[in-house]
Amino acid sequence: MEEYPEELRTPPVALISLVGCSDHHPAISGHLHSLQPPMNVLALPDFSKIQAVLTKKAKEPGAGDPPSGILKRDWLLKHRTRVPAVVAAMFSSAHVSGDPAQWLQVCTELENLKAAARPRNIKLVVIVVQSSSADDINEDRMIALRKRADVDSKYLVIYTPSDASELKQSLNRLANVFVELANTYYRDEGRRMKTRVEKKSFSSIELNIRYCFKVAVYAEFRRDWVEALRFYEEAYRILREMIGTSTRLPPIQRLVEIKHVAEQLHFKVSTLLLHGGKIIEAVTWFRQHNASYKRLVGAPEAIYLHWEWMSRQFLVFAELLETSSATTQTISSVTADNPDRGLTEWEFRPAYYFQLAAHYLKKKRSSLDIALSMLVNANEIDGGAESVAPSTFVGQFARLLEQGEALSFQPIDDEEYIHYALTEGKRFQDSYEIIALFNRSYESYSNLRVQRMGSTCGLEIAKEYFLVGDFTTAKQFFDNFAHLYRQEGWVILLWEALGYSRECSKKMGAVKNFVESSLEMASLPVSSDYIQSLGFKECGPAGPPSLPERESIHKEILELVSGELGVRSLEETNDLNVTEGNPLHLEIDLVSPLRSVLLASVAFHEQTVKPGASTLMTLSLLSQLPLTTEIDQLEVQFNQSEYNFTITNAERPHSTSKITSGTQNHRVETAASLSLVTNKWLRLTYEIKSEQSGKLECISVIAKLGPHFTIFCRAESPASMDGLPLWKFEDRVETYPTKDPALAITGQKVIQVEEAEPLVDLNLGDSGAALVGESFMVPVNIAARGHDIYSGELKINLVDVKGGGLFSTRETEPSTMDGHHVELLSVAGAEWEDESQKEAEKINNIQQSFGLVSIPFLKIGDTWSCKLEIKWYRPKPVMLYVSLGYSPHGNELNAQKIHVHKSLQIEGQNPVLISHRFLLPFRRDPLLLSKMKAVSENNQFTSLPLNETSILILSAKNCTEVPLQVESLYVEVDEDCVATSCLIKPGSEDLAHSGLLVPGEEFRKVFMVIPQVNSSTLGMGTVCLRWRRHPGSGVQVSCIQEDSVLTRHKLPDVNVELAPLTITLECPPYGILGDPFTYFIKIHNQTQLLQEVKFSLADSQSFVLSGSHNGTTYVLPKSEHILSYKLVPLVSGPLQLPKVTLTSVRYSAGYQPSVNASTIFVYPSKPHLKVADQREGRTESVAAK
Amino acid sequence: MGREVSESCIDSLVTEMVFSFCNRFYADKSDLAARRIEAIGYQVGHQLSERYTMERPRFSDHLEAIKFICKDFWSEVFKKQIDNLKTNHRGTFVLQDNRFRWLSRMSVEPSLETGQEGENKATEAMSMHLYFPCGIIRGALSNLGIPCAVSADISNLPACSFVIRIKA
Amino acid sequence: MQFFGGSDISPSPPAPTAAGHNANVMYMFNRNGVCLFYREWNRPLRTLNPQQDHKLMFGLLFSLKSLTAKMDPTSADKGNLGVPQLPGQGCSFHSFRTNTYKLSFMESPSGIKIILVTHPRTGDLREALKYIYSLYVEYVTKNPVYAPGSPIRCDLFNTNLDQYVRSIS
Amino acid sequence: MSRASGPRSGDAIFASVERVNAELFTLTYGAIVRQLLTDLEEVEEVNKQLDQMGYNIGIRLIDEFLAKSNVSRCVDFKETADMIAKVGFKMFLGVTASVTNWDADGTCCSIVLEDNPLVDFVELPDTCQGLYYCNILSGVIRGALEMVSMKTEVTWTRDMLRGDDAFELQVKLLKQVPEEYPYKDDD
Amino acid sequence: MIVCVAVVGHQNNPLYIQSFTEADDALKLHHIVHCSLDVIDERVNNPKKSGPLLNETFLGLLYPTENYKVYGYLTNTKVKFILVTTDLDVKDADVRNFFRRFHAAYGDAVSNPFHVPGKKITSRTFAESVSTIVKAFGLSSAG
């Protein structure tokens, strides 16, 4: 498109000519340019020039004889630059209204101008430049001026540049005038032409076409697209008809001219269509254009001109499509609404046209080459052609002759023309042009993510590069695009690409690439039977895809790698060869396209194996190479290098050189034969014996073919092996890598080697339940039965049986530091040898629930033992896991460990259950108000009377299965409440009997408590029980520890309050049947107030009593009132004294002495005991509670 | 086209196929037998779907394909359509044939079958005959580009419902 | 003809009802003498255990067949008594009647023997037996879960049979 | 026995029986054969198994044949062979077969099939030479005849899949086994 | 005249491709067929909203090359048939008819129990019937 002249590419622009007053031209022309549509300006300083411009040069030979061409090359340009539609004569107002002399000059100039403009009926405008709005213009002069110019008054324009607003106005005024006149001018011209066309008043088709063309152009001037289109098409049509009829020029040039014109017309049409957004029409139009000229190949020797032309058509249209905004967005909709038109979406894509342009350009090149080659002597064409040049007519060429300064064209015959064209053709290096085209196509395809079309273009590009000898670039391209074909299984296309790429690397002397692509080609699933290989002449260097071809390639490689001879037949470039100097090493992994060259599957026959036990491993190799391949040597590599081994080919003993740095004691097997037959598994089964426990995996297999060529092939498990990408589409027998199909489905290249049987005993001494608080010992014994123990290590782990974890975060008691319920305190070694810092180190790596202890070296027969010290803070069953890891052989560093595991469940239980209770003194009852009111939550706090002696009884019950030795039981007053607040002293002197508690037995101790401060919550301190397991008990020594354990039990706070009243019942310790005694009820008022107390005494069958049954008394502050009764017991035995009920009126609180406080024992007759009866009764009664 | 054979050809062939895979080739390896039978069905379904979908526009979604199975495909194979199609719209379809041809003559005598395990034997024997049709359906669908798993339920004979779970 | 001349003193059973319970029992044997099927609709007295019962019935038929063949006046080649025959070879009987019951018999060339014991006054049952045979084909041989040669345990067969037998008059 | 209603013609029966698309049958059979080939590998073994399956089918099918065809006796081999060819093949496969090549003593003949629904679409791969694709048919015939007490040997002499112009089965009567009293008299 | 027919699997891999020209353009035809897959993708991914072509197996003209026309057909089983012809004006009806018969032939080919789904079609019968169909097309379109 670029090569088109600007005036052709862009719609025509009206031309205005300004004459005179040149200093104002810039302003005006600037304005006109800025118009939409713009106008060109032909500015002439003074009137003398105008003639020169406007005078027609002598008309070419009269209209009679046919013109020697269709379109004049310069016609469009002329109308753009030289022939104005309007001439504007500018006069300054000064001159117009100046003195007669000036006026006269104006007139003459005007006359001349008219004279020049008339014949071409160019429109005339007169502009009077008014230097300032101030000075006025002489009216009648103006009229006169108009008369002279004989223009309509509105074409006599006053132009006042003086001030901005004025200037603007006048500019607009001018513009309007110009536009209007220009239009009329072009309309008139158009009409003139049209009438000629319609009146058929033309001597030849050429003129017909030309007129149509002109009409169209004039229409374009007027922006009348419809008409323009119509006439361009008309012209095109006529032109098409003209082929064959015309005889004006020698045939070749004739065709050339027609095509050139056609091209222009076509260009105009499609441009108009596209800019009119009529994309479908445009495409259809192009189709027709293409269809109608495609076949017009022309004379054979000039055929390449045709291809060039075709290519240009496509290129231009492609560019038009690309630029026209219509295309991109509407394609889908467009294709949608014309299924009938048979237009395919591709025909709306520039890419499509670029591709074809490139395609035709290739054709052009090839036929050009032929043409050139047919020339007898190439230099001969250079002669004589240089003076040939494009002539005055579009698409014509002629010899340029200059006589003096005058140039004249002399027509040439086809002979010369061809020469000229050839020389022109030779000047261009098409390949790069072609590459460029394909590239554009490729890019726009890949923008649309149209990969296949894209890659075809890519391939073409690559081929071009290949052609011009840029092998590196070419190879890159080929390899890129080969990928797509590979993955979609288009073998033939892949074959072609590889063929080129192979050739490239050959030319570049890149052995590795060469061999790789060769091998891949050789192993492609192409076999002559499924394509007729004769159809594939143009497969490029690859040659036709066929079995024989594959074989020859394979053979070539075999020879190459055998090192005998490098691949010759390589002109100039350095030979490829594989020698000592440059050995060759290929790698094939799971995704490599070379998998079909060599596929290695490795399957162990078992999943797991005992160490030292031997198992079988089957190595299977498969190759799709067409010829049988002899492998000299195989090396099988494992993740544990010491198991690597090589397999040598018995038939080729000579070539057993080490592949890798041959470690001594490197295992070497010999296989009868290592020849790979096409698509037939080569199965080799060997015994593998592993000492190492753990994973044994076959990593890779290295095949050695020829002295300096090795293929490193990653091993695959048959279980997870997927088919060969390309071959999987082939209809061929597929066989299992292993004989046994089951193995082929499940086989793995990995085997798990179990660890050796431990020959060491690990024992945990079971010692029953542990008691909370004590540090519990678990003995661990290790006996080296059948192994030495090197670098033994003991892992200890405590796990909650219920899985609840051994500590809970919300644990807050001080008793359990950082909240562990159970803790591994230490590992007490029975005998650590000497090194004690080791001990320290040991303790370090012991956490609460985990421990790690290293064991000294033990010889077979030795034993070693230690004790685990564990402490419970909570009753909790716990699982103790102990595992011993050791290695039987000291020497090896990486000797793998053997493990022994033992576990033991240990119950943790509370040793003792401590309980307490408070009692008031015997037969003494304080009135505790809190008791009264707080009936509901009375249980929360026990309430004690202030300054009264209460009794605290503590009891500890042994709830274990073992006897416990209680050492001491005492109450420890908390720091916070001072000793004075309340004094607690043992009521009885320390334990008479030894505190040995058999399981279930309870131990008791009595304390006196006298609260001394009135406090609602009085801390009573903590009970401390010191105990130990009773040594006598049958539990093994192991878990008896010397120091006793202290179990603490916090006493709940109590509520101390002053009792306003206390009642004391007084009566003899015992009564005797029938003999009376006195029963005092002392009401003691401890308050400062007078207390009114109602009392009542219930009757009782067991007694006869005297005294007032009920009444009210007043007790003075700080004094006591005594009620006394005489009682005579009527029966014997423990009797309930008559029930007293008192009610304090003030506190409206009634209360009774407790039942047991008001019992008395009545003997039938007076007993004969004197002393200790007091105590007797006491303890007895205490015990009774 | 339109070639026909007596129904008892296909019946006895299928019967015998199931019998020999269960009792001869893979005796007491019923799961293997099942897989083989299913595979056979799969191939048949695969091929049938190719044949029966000629001449018809492509299915735009799974439901269409399933409907095709229910209507045309079924009537080609069993001379009747599926009676009831249910779906959860999340890739599971239930096709119920109220009188599934291949079960229409299948019966055992519950009374004589001794107790539970007898029942089981019977049902297992019957279910063996279901792998084939399941395979057919699976084959047909997967050939239509719908990978799925198919199971059958014969809790109320002679009705039989096939459950298709499409692998997302 | 009458076999086992059952004394006429024994009271003959009530006259056959138009529709319904004229069939007493039915046996089916295959060519190997296996009793594939036994069903009774009305058999008040039962003397022997099933095995013996079946065996007896088969024995009866077997010898009866050879007997009838032996007696055949038409055919030239008389096999010796007890010499086995091919199914359908020689002549064959299709029923006999006693005063208390009628036994109808058919044998397919494949050796399937169907014995239907009915009320003595029931008519010619050959077609009935054929029909029963076709029932057997439909619901037994075509039952995928039925193994040939094994005792018949097919619901469908039973139900259809019962239904049909009830219609026998 | 009732000679009243004689044997019915194959076409009549075929017209009356339930029929299904041959495709289903053909493809199913094909799939079975393929499966057997992959499972049993040995072609010979496959032939054997196909024959066995055929046999099992035959012993089931015979009763249907007899019931539908209303054949009352198969004592004469010649007549029986004819029956199978004319009626049997027709009523099941919908194709007619012809009986030819009787030998002198009438114990051996060939059943010839021009058309055989089993082999529609089938193309034997080169790897399966030696496979008697239709071997199930021979089995069926053998089984059926055995049920009517004729021990026979059935072999393929022509096979279109191997390029012959027709399918030909040679049926050879070995012996006719009369039924004998199955129970020991001593029990 | 038909110069090439092809069957392309649902992974866009060629299952069968046969060209009928003496000229050495088999390779070019491979390229053309391969490229036509792009058009098929396009058609299938955004099908034409308008009427008859919706989901029809026959995809119509895929694209014209400088001197071929490529037609496409997509079966319900995601297998693509591709037809390359040199004829300039081809009647859709003829092409449809061709594909119908071709599809039938294909159906039979894959009904061969020994054919493994997704593998290349090597059946001789198929090849034969294809060539007959191709010939028939030549006749019909010629007339």
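Note that the chains are named A, B, C, D and E in the order they appear, and that numbering of residues resets to 1 at the start of each chain.
Here, contacts are C-beta pairs under 8 Å (C-beta built on N, C-alpha and C of every residue); 3 or more make two chains touch, one makes a residue touch a chain.
Remember, predicted model here, so these are calculated numbers, not experimental data.
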item: Those chains which touch chain C and also touch chain A; value: none
item: Shared chain contacts [chain A and chain D, defined touch]; value: E
item: Chain at maximum distance from chain B, centres defined as averaged CA atoms; value: A
item: Central chain of the complex, centres being mean CA coordinates; value: A
item: Chain pair with the higher count of C-beta pairs in contact (B-D, B-E); value: B-D
item: Chain of greatest Cα-centre distance to chain D; value: A
item: Whole-Å gap between the CA centroids of chain A and chain E; value: 40
item: Distance between chain centroids, defined by C-alpha means - chain C, chain D (Å); value: 30
item: Length of the line joining the C-alpha centres of chain C and chain E, rounded to whole Å; value: 67
item: Residues within chain D bordering two or more other chains; value: 23, 27, 29-31, 34, 56, 60-61, 64, 120
item: Residue numbers of chain B (touch at least two other chains); value: 8, 12, 14-15, 19, 43, 47, 51
item: Shared-contact residues (touching 2 or more other chains) in chain E; value: 111, 113
item: All touching chain pairs, where touch follows the definition stated at the start; value: A-E, B-C, B-D, B-E, C-D, D-E
item: Footprint of chain B on chain D - complex, ascending; value: 14, 17-25, 27-32, 34-35, 39-40, 49, 52-53, 56-57, 60-61, 64, 91-94, 117, 120, 136
item: Residues of chain D that touch chain C when the two form their complex; value: 1-2, 56, 59-64, 66-68, 71-75, 147-149, 176, 178-183
item: Contacting residues of chain A [partner chain E, same complex]; value: 332, 335-337, 339, 342, 344-347, 352, 356, 359-360, 450-453, 456, 459, 485, 488-493, 496, 530-532, 534-539, 728-731
item: Interfacial residue positions of chain E with respect to chain D in the complex; value: 108-109, 111-114, 123-125
item: Interfacial residue positions of chain B with respect to chain E in the complex; value: 43, 46-47, 49-51, 53-60, 143-145
